[in-house]
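Have a look at the structure that comes next, please.
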Amino acid sequence: RPRGPETIKIGLNVELTGSIPVVGASCKNAAELAVEEVNNAGGLEVGGRKYKIELLIEDNEDKKESAAAAAQKLNAAGVLVMIGPNASRNAIPAAEVAEANKMPMISPWSTNPKTTLDAATGQPKKYVMRACFIDDFQGVVAAKFAITELKVQKPAVLYAVDSEYNKGIAEIFKKTMEESGVPVVAFESYTTGDKDFSAQLTKIIQAGADSLFLPNYYTEVPLQVQQAHKLGFKGVIFGSDSWGAVELIDLCGADCEGYFFTTHYAPDIATPKAQAFIKAYEAKYGKIPDDVAALTYDAFGLAFQAIQAAGKIDREAVNQALHNIARYEGVTGVMQFKGTGDPVKSAVVLQIKGGKFVYYTTAQP
Amino acid sequence: MQGFIQQVLNALQVGSVYALIALGYTMVYGIIRLINFAHGDIFMVSTYVAFFVGTALASYLLGLSGLLLFVLTLIASMFATSLLAVLIERFAYKPLRYAPRVSAVITALGVGLFLENFTLATIGPDPRFLPRFFTVQTYTVGGVAFSNIQMIIIVVSALVMLVLDTVVRRTMVGMAMRAVSWDKFTAPLMGVPVDRIISITFAIGASIAAVGGCLYGMVYTIDPYMGIRIGWWAFISAVVGGIGNIRGAMLGGYILGFVEIFTPVILPASSYRDFVAFSILLMLLIFRPYGILGRPVAQKV
Amino acid sequence: MTTDDVVLSVQDLHVSYGVIRALKGISFEVRRGEIVTLIGANGAGKSTTLRAISRLVPIQQGTIVFEGVDLRNIPPHEVTAMGISHVPEGRGIFANLTVQENLKLATWGKKDQREIEQAYERVFSLFPRLKERRNQLAGTLSGGEQQMLAVARALMRGGRLMLLDEPSMGLAPVLVREIFDVLREINAAGTTILLVEQNARQALKLAHRGYVLETGTIVLSGTSQELMDNPRVKEAYLGG
Amino acid sequence: MKERRSVVDNALRPVRALYVAAVRPIQEAYNALPASVRRWTMPAVLLLGFLLSLAAPSLINLYWQQVLIYVGINIILAASLNLINGYMGEFSVGHAGFMAVGAYVASIMTVWVFPRMGLKEAVPYLFPLALTIGGLAAGLTGLVVAIPSFRTRGDYLAIVTLAWNMIVKSVLENLDVVGGPRGFMGMQKLTNLPWVFVWVVVTIYLLRNLIYSNLGRGILSIREDEIASSLVSVDTRRVKIVAFVISSFFAGVAGGLFAHIIQFIDPRTFSILKSTDVLVMVYLGGIGSLGGSILGASIYTILMELLRPLQVWRWVVGPLLLVLLMIFRPRGIMGLREWGFLIPKEERPAFVDALREQVRQKREPAAVPAGASE
Amino acid sequence: MPLLQIRGLTHYFGGLRAVHNFNLDLEPGELVGIIGPNGAGKTTVFNLITGVYRPTAGEILFNGHSLVGKRPDQIIAMGIARTFQTIRLFKDLSVLDNVRIAHFAQTSYGVMDALFRLPRYRREEAEIRERAMELLDLMGLADQANWVASSLPYGLQRRLEIARALATEPRLLLLDEPAAGMNPGEITELMDLIQWIRRQFNLTIILIEHQMRVVMGICERIKVMDFGETIAEGTPTEVQNNPRVIEAYLGEEAIV
């Protein structure tokens, strides 16, 4: 009989409760789908043997201490790889744990540059990767797109001040704009959980903005767009990857028609792999996967590929293999790793048209 | 100037919702000195009831006018929410009626967490809108934009509050509520059925929250955690106005609405909004230590 | 007298507060038209007896029968509707209501407007001070004024049996007398009274009969005169 | 209600009997020991605890070490909040605000100040100093709440504390030097079990000393009756300042410890939700009891860890348990009671009885007034 | 020099005149009674003296120092103590703690002394404990030192309240209806007690009371108030025979 464990344990450190349960739910859905697919195919073949995948899910409540404890718990349970957490505020402390315990970790959605960096040395962490591009990149892409394609003259921004993601993109966007000689006429903020933005929007309208950048989560964007329209805003509105869930269209209705956002992949021009994922996801959960789901799925894909490449159930080997992946073709596009945990990915710009996300253009890093 | 009027309208809309929720806080507090931290979540439940009832009604009773559907939904939501509040009172708070005050407060925190997460676990985290019972119409008058729904929110809230204020001030039930709030041991000696009065109070507070919830759901999205923030803000409104005081709750709600809307307007950078808003609050309580309409409990030495 | 005349009959009443046994099986009765007083030292259980009758405290054992009805399973707000009014110890006025509202609340459940009007008139003529202050918050009344309000409220409630718990506490002498006069008046008008008093001398002067309570048991009973002449009562409760 | 409680009581009776049967003999045996031996019990227990905390890495896995560290931090938070909410009878809901100040200041010390003073190597040794400075900074901000508390009480003061919590969070969000919403990091993992153990002991010891001093009794008297307390000469302002400053000092220390185990802090960590967590621990354990805070923090933290496998349902089951507990034990587990060993010797009844005898013998009996003599 | 001088003391609650032009000169060692109908303003006078309310007008000098504008705890620390019309003990605390708290103004050790149990703390605490025990012993409460205050019988609660007031080491003691809720037997005891503490602690006392037996029995001088005004002043006999007092307060029949 072959020696060693019967299964491969993979941990999922995810925000099921707390302030972003929507992210947690998508992440969990995609994770379960990814694992199910492998297990239905008889397991993952490693070193000539098929292993079933055992998924250990820990809710981190969107709290740092809980994310760290969950990481410790997964570590103690002997997971081979930990996927998650998603929000950078949780991913960073969990990454510290992963690094200290030499446990490979892949965050699907954490866009803060600090997640993969060692704070003391400023060097990349050895065991931490992510499946998404970082905020800065997206902020630049959005700004360039706005100038060249949308020809905006007087852009305004509304973002959540207490969220590192929103604020990060917003600031890079503003900086890039200003460097290109297009001043941002209104730079307004709110606090996560707010539902009324009329004060800020009124101010933006009074500043004479011709366009509005909303690097905000799709749960909030519809309200912002609708309230802007109600107050008489006529300009173009665009956003970031956090728009990328069909619920946006459901909630926003006609109000979002014609607007743009930058994201990881475009369902309509997607690769067969992506098409297959979208179909499977839709079949299982009755909705189109959002960006978190797609990124989670890719994080698992990365992990599976690395495990197979390592050829044995061993964290060091898997981590090595992860870092050896130079190019990975996932549902969210092609990722290239250049020796760090941060992938180099292209971004696409999608437009909302006829109640669908439609490919508009691609932006290279 | 038109910008100013625009913002006043915005503030009234937000403030009306706060005021409606704050009323529930204040009433329950007024009668059993309980900070009912679950109230924000009761409000949340009311919007979900409205969501399901409204969607069902809209699909079965296609022919009816939107306004009628809305009223039916509202009544259903008020009823269900009151029932929930009365049940919560009966099972979670009543056993603690003669216990130290804070134990009930902690229980309320627990009930709130339970409601939030139970909704999350069973219904899921996705935000939703209530069905559109009638179309939103935006009017622009002299550069000021306002919608029919906004007007409905402002007017209906004001009416509800006026009615409630009259009830508490003028009717026997209102008097009984105040009496129970002062001394629930003596009230029965006057023939006042204390348990029933408390249940009525919870029911009224919850139905007002449901009114708030249905109006709110017409313009904002609903989700399982929506009650947390609005609950806190409504609580603050109630206290700022003078907790236990109906008019205080209304006033507090409007004040908070204005603070929330006007601080980002006046500030150069809106990111300081919370800082300024809460500093104003802090100052206000330093100068009016018992809220605006509140007064120190009449106590003889 | 026949048993029909017994308005209130208490048999073998036991009441505890947690581990404290406040009443250890007391029995007594009050007949129609009587003024009966309970006297006893602090903590003897006098207030507890009244509270038990009003059903404000749970009964461990024993029966309380009012006009033939066992009160055991009747909630307090219904007891008062049956015709028992209670002036509680420490007044129990609603400090956050005005004087007028306090009085009005006491008419809870009463429908007859004319009767209510008459009750107001009666109360205001007995206590003109309350009329003066009727829009003042009751909590800011002086101690004596509050006591007047408490009695006035019970009068508003009316009823055939009135329980009074130390109505003279903290009152000016002239008012003590006034209150006692009022009690005599309402008794003459047909209300039966069960009175608890520290001021035993005054109470016995007013009452027809009395019971002496010591640490939860009745140790003596008799007509007022008998009690006043009793050396033990003299020593302990009448100040020698 | 009555019946239900007795059902629970009955169900617990065997448990209690078992407990008594197990503990009584030990207690008796212990009491039979000579006083000279008993004097050394507490130091010995503490030493043992400290040694165990040193040995922890070889006894339990990292996960449980982490959980125990959280337990310790939460004990400090709960005990210090208990000073305000339990002993002084106020209702503060903004404890996380003070924790935040301590966390940021202590982190700035270890990440920037000490290294820039050329003490980079010494940072681990300077950790207690960093925590103390963090605590002091937090303590200083305690004045922000103490001063309004001169005039504002109860639920109004609750809003002041809430506002304070929000203000701190908002300021931190706007302070780009410390990372704004992106947070602050770079702290070494300096918090470990031995350190936490030491700080918990120090906190409990100092709080105990305060509570059993006349200042502490002043704090209690404010809870009981503020007006009466000022009318028996208690300087309520001073007492409030002391209480708030000390309470926030320890909240700050807890914040510093927190920052150096998580190694990353951001404003959101110290939101009102954190404050309510601590509130729950305090009332779960019982007000006016340091033992209660120790129990409350431990039970809450460990229970929520044990419920982890329930995922989303954890936050359905946890609150439900909390509600049930409050219904059956309204004063919390130890409300207004205290473990004997947390009470200084000279405050225990036996000591007071002895003192009474002493006083009696010193005084000639003639002075007793006629009426007062029985 | 008088110990306490009150000049033109006036207090309004909103529009209600609770005290008007109240004057009092109190020599050391005196025992003065204040009587008057309910709501006359007696308790308000005590509240004004002890700083609970700030007078609308008037001056209060204690030992030549003005009390107006001072906080209650400062006034108490200057040597005035009081009891309350309705008992206000620290109910959940022990009898001993109730008395120890009242030593607050006499404690001079600081927070650091307390936190680290420095010698100064130990010394003063021991002193306080001892003094408190002595006081309790004197007041016949020593056996109940460990009881929770609320578990004391009513009479002893009154006594504890007095003990607590005495612990502040007052020169002037204000007693607000100490006999309320006592039966005649207990009242006799109380009268003895008041006389005794007066001698024992060298006190000057102002007493508010409705029990004429007490007032007439132990006060040397009596002030009678009605509607905030002083309507009479004098020895017990003078006051008892004053027609205004009889009309407003005592009533026609002589009272016990």
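A, B, C, D and E label the chains in the order they appear, each numbered from 1.
One rule holds in what follows: a contact is a pair of C-beta atoms (placed from the backbone, for glycine too) under 8 Å apart; a residue touches a chain by one contact, two chains touch by 3 or more.
From a predicted model like this one, the values you see are computed outputs, not experimental measurements.
Relative to chain C, which chain's C-alpha centre is the most remote?
Of all the other chains, the one whose centre lies farthest from chain C is A.
So using the touch definition from the top, which pair is joined by more C-beta contacts, B-D or B-C?
By number of C-beta pairs in contact, B-D is the larger.
Can you work out the whole-Å distance between the CA centroids of chain D and chain E?
Going by mean C-alpha positions, chain D sits 38 Å from chain E.
Report, in whole Å, the distance between the mean C-alpha point of chain A and the mean C-alpha point of chain B.
Going by mean C-alpha positions, chain A sits 36 Å from chain B.
Determine the centre-to-centre distance between chain A and chain C, using the mean Cα coordinates as centres, and give it in whole Å.
Going by mean C-alpha positions, chain A sits 74 Å from chain C.
Would you give the residues of chain D that are in contact with at least 2 other chains, written as numbers and ranges?
169, 173-174, 227, 231, 312, 315
Would you please write down the residue numbers of chain E that are in contact with two or more other chains?
Those would be 43, 52, 84-85, 188.
Which residues does chain A have that touch at least 2 chains other than itself?
Those would be 17, 21, 161.
Where on chain A does chain D make contact in their complex?
For this pair, the touching residues of chain A are 16-17, 21, 57-59, 61, 63-65, 68-70, 72-73, 75-76, 88-89, 92-93, 96, 100-101, 112, 114, 119-120, 161-164, 167-168.
What residues of chain D sit close enough to touch chain B in their complex?
Result: residues 1, 4, 85, 91, 144, 147-148, 151-153, 155-160, 162-164, 166-167, 169-171, 173-174, 227, 231, 272, 276, 279-280, 283-284, 287, 312-313, 315-316, 318-320, 322-323, 326-327, 330-332, 335 of chain D touch chain B.
Name, in rising order, each residue of chain B that touches chain D in their complex.
Touch residues, chain B against chain D: 29, 35, 92, 94-96, 99-100, 102-107, 109-114, 116-118, 120-121, 232, 235-236, 239-240, 243, 271-275, 277-279, 281-282, 285-286, 289-291, 294, 299, 301.
In their shared complex, at which residues does chain E touch chain D?
Those residues of chain E that touch chain D are 50, 52, 71-74, 76-77, 81-82, 84, 88-93, 96-97, 100-107, 109, 111, 114-117, 121, 124-126, 128-130, 133-134, 136-140, 142-143, 145-146, 159, 164-165, 167-168, 188-193, 196-197, 200.
For chain B, which residues are in contact with chain C within the complex?
172, 175-176, 178-179, 181-183, 185-194, 297-300
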